[in-house]
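Two complexes, one shared chain (subunit A), two partners (subunit B, subunit C).
Take a look at the complex of A and B:
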C-alpha cells in the first residue's frame, strides 16, 4: 500500500485528544519521581547498612528496562490485591524508573552544598528533618535544576510505553486508529511528528528556564 | 514451570537481546562519532543541518521511532527485517545521545593540545585522530558505558515488533501458565543479571575519572 498523506493529516485531531493524558502523566510521574528519588537518596545517606540497601535499590532500578517495570507493576501488583487503574500503574512505573536516575542527580546536588551548611543547621539545634527540608532541599534544587529538567523531558518521551498497558495516551490512540483502519503507517508518522514537535518545544523551554535560573543564581 | 525453569526459559531470548544490542552498537558508535565530530567542526548552515539530524534521532521517543520505521518504511518501498529496524531505531537514538558526549568531550579539551599539533606541522585530520579523539574517548568512557546500558535495556521494546528477545519469551511463558509473579520477577532478574555488572563498571569508571580530574586540578 502507498502512504496516504491525507489520512495521516486526518488522524491528527484524534491523536491530539490524548495530549492532555500524555501531559498530566508526565507531570504526575515527574513529581512522583522527584519525591521518591529524594527519599531514596536521603535514606541512602541515613546509615551505613540502609545505605548499602538503598544503593542496590537505586542501581537495580537503573539496571532494568522501564517496559519491564511497567509490566511488573501492571501484572504483579494485582496478585497481591493492589489493582490500580492502567494510568495509575503507568504513572507509578515511570515515577519509580526515573526516581533511580533522580536519586543519582540529587546525590551530586547534595555533594556540592558546602558542608558548613549542615554544621550550621546542627549548631542552631535544628532537627535532622528540618535540616533536610529547610536547609539542604532548597539549595540542592537550585544545583540540580538543569539535569532534573532533562529527566522530566525524558519522562515525557517515555509516556508512549504506557500504550502497552492500554493507557489512552497519544501512541495508544494512534495504535487504536491503526487497529480500526488496518493502516498503521499514517497514524505512526503523525504521532511521531507530534512528539518531535512537543519534545523540541519543551527542550527550548527547559533551556530558557535554565538560563534564567543561572542569571538569578549569579545575582 | 517454576523459578529456575522460568529464568532459563527467558534466557532462551538472550541471543536476540544480545544481537540487537550488538547491531545497535554498530549503528550507534559510528553515528555518534561522525555527527559529534561534524557538529564540533562545522559552523552556520552546515552545523544547523547536523544538529537537525542529531535532534531528530535524539528527541523522538525511541518506541515511536521503532514503530514509524517498522510500519511506515514498507509504504515507501523499503523492506527491512525486524532485527534491522530494531537495531537501527535503538542505535541511532542512542547514537544521538552519544554524539553530544563526543562533542562535549572535544570542546572540553585544552586548546593547547591542538596548537601543539599545529606547531608540530601535523595535518588537521591527524590532529583529530591522533591527539583529540583518543583523549575525548577516554573522557567519555563513563557516559559511553551508561549509554550502552540504556541500549541493552532499550532492546526490550523489540519484543513489540515480534522479535523473540528475553521480554518476548517472558510474555510467551506468561501466556502458557498463570504465574505473573514468577514470570515478571524472573524477567526483572534476567535484565538485572545482564545490566547490573555494567552499572557497577560505569560507577567504577566515573569514580576513576573524578579522581583523575581532582589530581590534575591540584597540581
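Take a look at the complex of A and C:
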C-alpha cells in the first residue's frame, strides 16, 4: 500500500475537528500546571517541615509516569467517589504532571532573584503574599519564560495521552480514521504535521515574549 | 492613649546575636530618641549592619530586646509587617524593584500596605520624588538610572511610607565618588527636617556635620558613643583612635 497524499490531505479536516479540544486542554493544563507549580514551590519555601513534604510531592509527581497519573485520576478516583469527565481528568492529569517540572523551573527562577528584593519588600512592610505576587512573581516570570514555554510545548505534545481515556483530541481522531480505513500512514503523518506546526508556532511566540520581557525590564 | 512620643524611637538592650556558633553581637545597648541622628561606624565585620538589620527584624536576634516606638520587635512578634511600615530602610545596593518604574517602586507599598488609591499614591510618590530632586525620572526603570539616582529613588520609596525612623545601611558604599554627594545632600536635608535616622556609614564628614551622636562598634560591641566633636577630636577607646587614624 503506497502513501496516498490525497488521502492524507482529505483526513486533515477530520483531525482538525479535535484541534479545539487539543488547544483548550493545552492552555488549561499549562495554566493549571503554572499555578499549581508556583504554589508548590512557594509552599516548599515557607517553612522547614512543609518544605520537606513539598519537596517529596514535587519529586513524586516527577517520578511517576504521566499515564499512571492519568489512569489514577480517571479510573481510581471514581472508586473513592470522585468522578470527573474525561476532558477534566485529562486537564487535571497534565496540570499535575507538569506542575512538578514547573516547580523546579520556578525554583531556579526564584533562586536567581537577588535576596535584596525580598528584603526591600519586607522592609517596606509588605505582607509575604504581596512580596511574592508583586515583587517575586514578575521577576521570576522574566527569568523562566524560555524553559516555561518549553514545558507548555511539551504539554501540547502530551495531549495525545488523553486518547487513552477517550478524550476526542487529535490523535484519537487520527486513530479512528486509521481504524475505519485500515490506513494509518496518512492520518499519522497528517496529525504529526499539525502538531509540528503548532509546536513551532508556540516556540516563536515564546521567543518573542522573551525578547519583549528583556527589553521592557532592562536592569 | 498610646502616644508614640512617650517612647524612645528605638531602644535596644542586652542584644545578642549568633550566626551558628559565631557571636556577631555582644550585649548591645543603644537608645535613640525621636528626632535624633545617629551614625554607626566601625571596621567591617564589627556588626554595624547586623545591628540595624535587627531593628526592623530583617535579622532575628537570640537574646535581649528591641523596641521601636515602644513596640517589641522579635521573632514571635505578630504582624511584624505592620510594624515595619513605620521603619524606613535604605540599602547599600538600593534594592529597587527592576521590573517597576521609579513611580511604581514608590507607589507599590502605599497601595498594598497603606491601601491608597492609585491617584493618591502617585501624588504622595511624586511629592517625595521631588524632595529627592528626581521628579523627571518617574517613568524610567531603575536600570536606566545612575547609582546616585537609584539611591535617591530608594530614599523616596522609603519616605513615602512616612516612617518614624529611617535606617541607612551603608547608603553610599556602592556609589561612584561623584554620586556620593547627591545622596548625602538628600540625607542631610532629611536630618535638618528632623527625621529620626540611624546611619551605618563610612562618611565621616557626614557624621561630623549631621550626627547628634556617633556610635563606634568593634567586634560586635559598642565600644564608644559620643557627640561627633568629642568622638573625632578625642576618641577615648584605643580601637576608635586606631580606626580614625586609618581614615585620615
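The rule is short, and it goes like this: the second predicted complex is superposed on the first by the 218 of 219 C-alpha atoms of A that agree within 3 Å, B and C clash if a C-alpha of one lies under 4 Å from a C-alpha of the other, contacts with A are read in each partner's own complex, and residues count from 1 in each chain.
Just so it is clear, contacts are C-beta pairs under 8 Å (C-beta built on N, C-alpha and C of every residue); 3 or more make two chains touch, one makes a residue touch a chain.
Values in this document were obtained by computation on a predicted structure and should not be read as measured data.
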Touched partner set for A:134, first subunit B, second subunit C, both or neither: second
Subunit C versus subunit B, contacts on subunit A by residue: B
First (subunit B), second (subunit C), both or neither touched by A:212: neither
Subunit C to subunit A touching residues, read off their complex: 56, 58, 81-89, 91, 93, 95-99, 108-109, 112-113, 141-144, 157-158, 161
Subunit A-facing residues of subunit B, complex: 55-56, 59-65, 67-68, 71-72, 74-76, 149, 153-157, 159-160, 167, 170, 174, 180-181, 184-185, 187-188, 191-192, 195-196, 198-200, 203
Touching residues (chain side subunit A, partner subunit B) in the complex: 1-3, 59-60, 62-69, 71-72, 75-76, 78-79, 157-161, 163-164, 171, 178, 184-186, 188-189, 191-192, 195-196, 199-200, 203
Complex contact set, residues of subunit A against subunit C: 114, 116-117, 119-128, 130, 134-135, 138-139, 142, 216-219
